[in-house]
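Letters A, B, C, D, E, F, G, H, I, J, K and L name the chains as they come in the text, with residue numbers starting at 1 for each one.
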Amino acid sequence: MRFLLINGPNLNLLGQREPSLYGAETLEVIEADLKEMALKEGIQLDCFQSNFEGALIDRIHAGIGGVDGILINAGAFTHTSIALRDALLSADIPYVELHLSNTSARESFRHQSFLADRAVGIVTGFGAMSYQLAFQGLLAHLRKKR
Amino acid sequence: MRFLLINGPNLNLLGQREPSLYGAETLEVIEADLKEMALKEGIQLDCFQSNFEGALIDRIHAGIGGVDGILINAGAFTHTSIALRDALLSADIPYVELHLSNTSARESFRHQSFLADRAVGIVTGFGAMSYQLAFQGLLAHLRKKR
Amino acid sequence: MRFLLINGPNLNLLGQREPSLYGAETLEVIEADLKEMALKEGIQLDCFQSNFEGALIDRIHAGIGGVDGILINAGAFTHTSIALRDALLSADIPYVELHLSNTSARESFRHQSFLADRAVGIVTGFGAMSYQLAFQGLLAHLRKKR
Amino acid sequence: MRFLLINGPNLNLLGQREPSLYGAETLEVIEADLKEMALKEGIQLDCFQSNFEGALIDRIHAGIGGVDGILINAGAFTHTSIALRDALLSADIPYVELHLSNTSARESFRHQSFLADRAVGIVTGFGAMSYQLAFQGLLAHLRKKR
Amino acid sequence: MRFLLINGPNLNLLGQREPSLYGAETLEVIEADLKEMALKEGIQLDCFQSNFEGALIDRIHAGIGGVDGILINAGAFTHTSIALRDALLSADIPYVELHLSNTSARESFRHQSFLADRAVGIVTGFGAMSYQLAFQGLLAHLRKKR
Amino acid sequence: MRFLLINGPNLNLLGQREPSLYGAETLEVIEADLKEMALKEGIQLDCFQSNFEGALIDRIHAGIGGVDGILINAGAFTHTSIALRDALLSADIPYVELHLSNTSARESFRHQSFLADRAVGIVTGFGAMSYQLAFQGLLAHLRKKR
Amino acid sequence: MRFLLINGPNLNLLGQREPSLYGAETLEVIEADLKEMALKEGIQLDCFQSNFEGALIDRIHAGIGGVDGILINAGAFTHTSIALRDALLSADIPYVELHLSNTSARESFRHQSFLADRAVGIVTGFGAMSYQLAFQGLLAHLRKKR
Amino acid sequence: MRFLLINGPNLNLLGQREPSLYGAETLEVIEADLKEMALKEGIQLDCFQSNFEGALIDRIHAGIGGVDGILINAGAFTHTSIALRDALLSADIPYVELHLSNTSARESFRHQSFLADRAVGIVTGFGAMSYQLAFQGLLAHLRKKR
Amino acid sequence: MRFLLINGPNLNLLGQREPSLYGAETLEVIEADLKEMALKEGIQLDCFQSNFEGALIDRIHAGIGGVDGILINAGAFTHTSIALRDALLSADIPYVELHLSNTSARESFRHQSFLADRAVGIVTGFGAMSYQLAFQGLLAHLRKKR
Amino acid sequence: MRFLLINGPNLNLLGQREPSLYGAETLEVIEADLKEMALKEGIQLDCFQSNFEGALIDRIHAGIGGVDGILINAGAFTHTSIALRDALLSADIPYVELHLSNTSARESFRHQSFLADRAVGIVTGFGAMSYQLAFQGLLAHLRKKR
Amino acid sequence: MRFLLINGPNLNLLGQREPSLYGAETLEVIEADLKEMALKEGIQLDCFQSNFEGALIDRIHAGIGGVDGILINAGAFTHTSIALRDALLSADIPYVELHLSNTSARESFRHQSFLADRAVGIVTGFGAMSYQLAFQGLLAHLRKKR
Amino acid sequence: MRFLLINGPNLNLLGQREPSLYGAETLEVIEADLKEMALKEGIQLDCFQSNFEGALIDRIHAGIGGVDGILINAGAFTHTSIALRDALLSADIPYVELHLSNTSARESFRHQSFLADRAVGIVTGFGAMSYQLAFQGLLAHLRKKR
């Protein structure tokens, strides 16, 4: 199996950016840890981050046919991008939505997600650990479906 | 006369993507058919698709002075992009808004359009035929104005 | 095939009424033009206009079994008549909603339609040309379905 | 005692119209059954159906002085007609509101009723049986008041 | 000059209907009094009442070209009929909106009017006297414009 | 067949509580009358009342497998208890919602029901008679389904 | 009988202020005309204008016991002052609300009135004539009550 | 460390209830699996389920002082119980909110949670796997805090 | 006279729970102090606390006929329990609503009360002192009524 | 200690104004009673009433530095005056909000308060007794803080 | 040229009032600095502050004919006073709205302004510097218009 | 000190685009003028414009560590881009929001800003002058903080 990890805008700053809110680990470390975890499960994990909505869409399109599941932390695009939603639905690849912080505890405009209702599941609030939980949840979901 | 056809995010997937919803024709076929129809009317039709909002805006700007009318299927950006609206109004080129599916029959967040109130007219729900109807509507509108 | 063109309240005044908004053609001319266009396609077009909601409903009922498609410009009833919606759905005849003016550019109470979500498609804003585009859209839709 | 049964728009189609939603009995059968039930209770039942709001109002007015209770299935007018509400209140005749289908289970614009708050009671969702239950409820109400 | 007095649904019941709310005068008396008042000012007053929205629209259409001003108590249609609004605007005849009762003191759905924003002026709450005040207001408005 | 009658909070006070609003019959009398009516139809009727939401849920659960239909007057829980809704849906037993008073005529927070959209039908406003009408409606519904 | 005419903020500028909206007559002229009209009816009319909400309240209080009816054009306070409403209700003097312009045709924040629901009646949109109509309406109301 | 697993209303039916929505595992199995997982981590896990809001509150109170973390699937109470929120905040024990199904994909009244904004994190949509992910997330959170 | 003091969910934790918000006194102390104060006024005060909504309702029912006034701090049920409101209204015993903290200064979902509009009066924000003020207010109210 | 009692618009009419709603005591009596109660506690009480928002603000400003606590019945300004809120917060003097009537039981525009969220506490509905309870609550609050 | 600086309620307390929010400079200093700046540009600056809405309106009226531009910090009246808006529009003098603090960062009721949409421009958040920027903006605007 | 000037979508068209709304100066001229003004204050000003949201985010990220303050005219992104807000907050560089036109006077969707509540201050409506005022405001803010 092949998974794709998508990170949206500003997540390239992880570790530098408001550590009290997002934790001290950089995105590189998170990606490396997750790749390692994937490897143990026999899964190839591709990682992609961009601050361009269009680039994220292109990357999802590129995964059609070759990717079995998507982990996506769309950052601020979660709340504003219908185009990203459409990309995920068009690609027809099961995905898990995840967030580092607990978005329910933040500004009200972060309480709405254009991705949530079509996701396999959602994990929020566990910091870098959210990535690992999302990975396990997606994996369990796909294995059960087979 | 010169027309510009703008297609927004995910429309590059046409034909592959949810055919029950959007039809089986690819964007290439739609564009080719429309170019042929335009040719018969003595109109040059330029086509542009991108998943990047910024690229769509740049392309509209590039049309200023040289384009007489725009056909736009902005996809998901219809509902979220004020910048695209501003680009169309700044360019001051008459445009027709079109959609493949009947957006009124879909999720409530697709019922609002940032483009509609300043469009010449709107065509939704006829699948690939929407492009041809929009083309004819725009053409009739421009010929009447002369 | 047999089509029915339904025009709702105040559309009998076309040509007299606010020509800057609705154009200078009378309803008689529009109907005649459309009948001619229909004839060329081998379709019989019946036309009906009334300012009475009940009369429009009765006319739609009368079409059950004999009409293959409906073109409807319900005028103000678009925004207030659930009974008309029910008549169309009960009749179970595919219909296209059309408007002369761009309703999105007018008062907010004209932005809601009780007909739109169940229509084949919608055409708005092209003046008398809206009728012709709607006709073509409906025709293409029905031919494709066969 | 004399009762009046009012049926609003599209209910003339009963039996033909979406039987899965409204049942297979025609309005004629429903009216006949109800008249028979009324007869057994010594009540004269008059029946009236129209797709014209104005005709329904006129009929209610005509009942002033001679009608003891009204059973009304106002169909779509339930949700849009304040004039019908006013007619019922002006007539000052106790009425029961009824519906074949469960309106709470349908589109949100069917969740509001302009008649409900002044009705004796409301019966919804039992198909043709709704008429019989409404009749019994009205009868019991009027007998208790005496 | 020629004026038209339009009375909407249920106003035929005036005098009979909820006298504590609407007063004890019948519509015939009100019309007769107003005609007399008009006569003194050298104005011909035509009166029309119907419970059919379509009939009211037809009557307004019939006044185009021959009527200088309209007094309208649209009753419940005030709050629900965009078609009536369109008829008045299409006719392009100055009109005054009037009500017997103070609609602001009644149910919240009577607080909105589809006629008010385009009326010359509005008179509410004075019972039968509202007709006379509306008449004088319309007359003064038209005389000033000349 | 076996039916279950569920009465929610404060309904134990029936007969004592605001008789002008709810009538003078006690719950015991209502239950006895209904049991008698059921007996005549060959149906066993179990009755349960509690002021504890949890007890109502437990009782519904206990009915799984043995109960063919539920009559429920959930009182105030109608408007606040999603848990009760879930219990009914989990039990997968057809149910009829009923109320003594006309909830549409009372405070606005009583206009919403968490049970209504999944009920077979709804009966409100007929006082103790509501129970009998609901019983007949449920019975007719279940007999038709067989 | 004794009447009190209350004019609220900015009405001292009448005649100078936006004449296309409010007319060219000054408040002095309006007051003088109205006093003359009152005199003919044997009524003493006191006039008061202030830009201070507190002064308007004090003046209304001063009228308790000696004033039979109030004409009030509260200007902008109509939409913002609950204190003025309370003053009028405390004074327990019948009042008519009036406006020069048609407030329904202006900004949405002018569509709400804290005075309207308790007024005898309301007159809006007739310019200076609104004062005379309001006077007549109030007079007729008080004479009828005697 | 000692954890407490709280399950709210109707979750006792797991495995029997709508398996397509909630999965086929019973609560007993889920609890047993989770206890085993806890044991491996050296954690004692107590499990509690009730359909009574008050019983859930009492159980949380009982955990004060002795429980290090709470896993809570409050079911329908998630959306209606402020009292449960208060119990958790009063107890001042870190908790993770979890759901079997993806609540964002269900009725709109399930989109609001009274528990979410104060939770450590949230896991939804993974079926029985949600319990395990929530357990791991809570554990990681508590170990990091030490 | 006999008074009943009702305390709702989580108030058993008083003194232990968020003392900065609710103060350091336990419920036992508050009850004892209030009983003493009541004794001096010759009033018997019964106290009841429960985390079960149903138990609170049962206790209020039990007071019918024997209790002259109720002091109620319903805690979180204030904002969610229509059943509690119904219990109080059914019992027809004057009651005072009270809160330790200033609910207006807390989350927006605490700004609505299902009890407030029918209470004699409301006291909020004075900590344990709120009980004493509510007691005095209720006492004065009842003595004045005699 | 020195307290300031502020009474807002229309409260000068107390005793004369709607006694069924506000009681029969005049403001003079209320102030005298409260001064006496203050004296017994060794507190100097200053009283001020005005119908001018600006005068109330000036009086609050004048109290800066010399006043230890404020009792305020802002009347209608409670619901409309942000300026009064700002004056109280600028003065930085603890205040108690009070009302004679139960504002929750009145018009919906009286349910919002611009003062409540920053008050020490709130007392409503006890008539003249509200002043005494507010006084005691403020006193207890200030003594506890010392 | 002559400018008028208007300061609304509570701004007389500047320097004393919440310095962390509004800065430590008194209004006298701000006015003096601004007068000096005006002098350098050859502009006479008049300054006025009041806590009375009526006084601010009177002062604006007094400026008609003699004042070329207005700088206004209306404080809390910004969000509540339509009368002030009307005064500015009646005076027909260009004005700039300014605030010391960033109102977007404060309570939601401060996010609406009745003055903003008709202002030349708006400056918020720069403390005392806001006055100087507003002055320069107004000056540049008026010089460009000449 | 080093400042960064960010211009969002469509601002490259300045001078060409709707000059009546935005003025006749091109962005190049505005940038040059502002650089000159910065130079006089000893500040280096970098300028960046893009129609790509992602490019703006990247540019802000690039400024971390080297930029002391940001001037941002985000154009349409002001109202739709939470990602841009996050970029500014992540960069943790003080910024001033500015607009050429008065956004309060335009479409309602331009009244909300995702940047405003965290900005140092906001300047709108002064055309090209807005840039200079924003520059001065930012400069004064930063100098005061040192």
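In this text, contacts are C-beta pairs under 8 Å (C-beta built on N, C-alpha and C of every residue); 3 or more make two chains touch, one makes a residue touch a chain.
Just so it is clear, the structure is predicted and the values come from calculations on it, not from any experiment.
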| item | value |
| --- | --- |
| Shortest contact path, chain D to chain G, counted in steps | 2 |
| Numbering shared by both copies at the chain H-chain F contact, with half separating same from different | different |
| Option reproducing the contacts of I-J, where over half of them reappear, out of F-H, A-H or A-B | A-H |
| Copies chain I and chain J - rotation angle from C-alpha fit, nearest 5 degrees | 180 |
| Length of the line joining the C-alpha centres of chain D and chain J, rounded to whole Å | 55 |
| Centre-to-centre distance between chain I and chain C (centres being mean Cα positions), rounded to whole Å | 63 |
| Whole-Å separation of chain centres (CA-atom averages), chain A against chain I | 49 |
| Approximate Å spacing (C-alpha centroids) for the pair chain D, chain F | 24 |
| Multi-chain contact residues (two or more partners), chain A | 52-55, 80 |
| Pairwise chain contacts under the document criterion | A-B, A-H, A-L, B-C, B-L, C-D, C-E, D-E, D-F, E-G, F-H, F-I, G-J, G-K, H-I, I-J, J-K, K-L |
| Of chain E, residues touching chain D in the complex | 8-10, 12-13, 16-18, 50-55, 75-77, 79-80, 109-110 |
| Touch list for chain K against partner chain L, complex | 102, 104-105, 113, 116-127, 129-130, 132-133, 136-137, 140-141, 144 |
| Chain C partner contacts - residues on chain E that touch it in the complex | 52-55, 57-58, 61, 64, 80-83, 85-87, 89-90, 92, 114 |
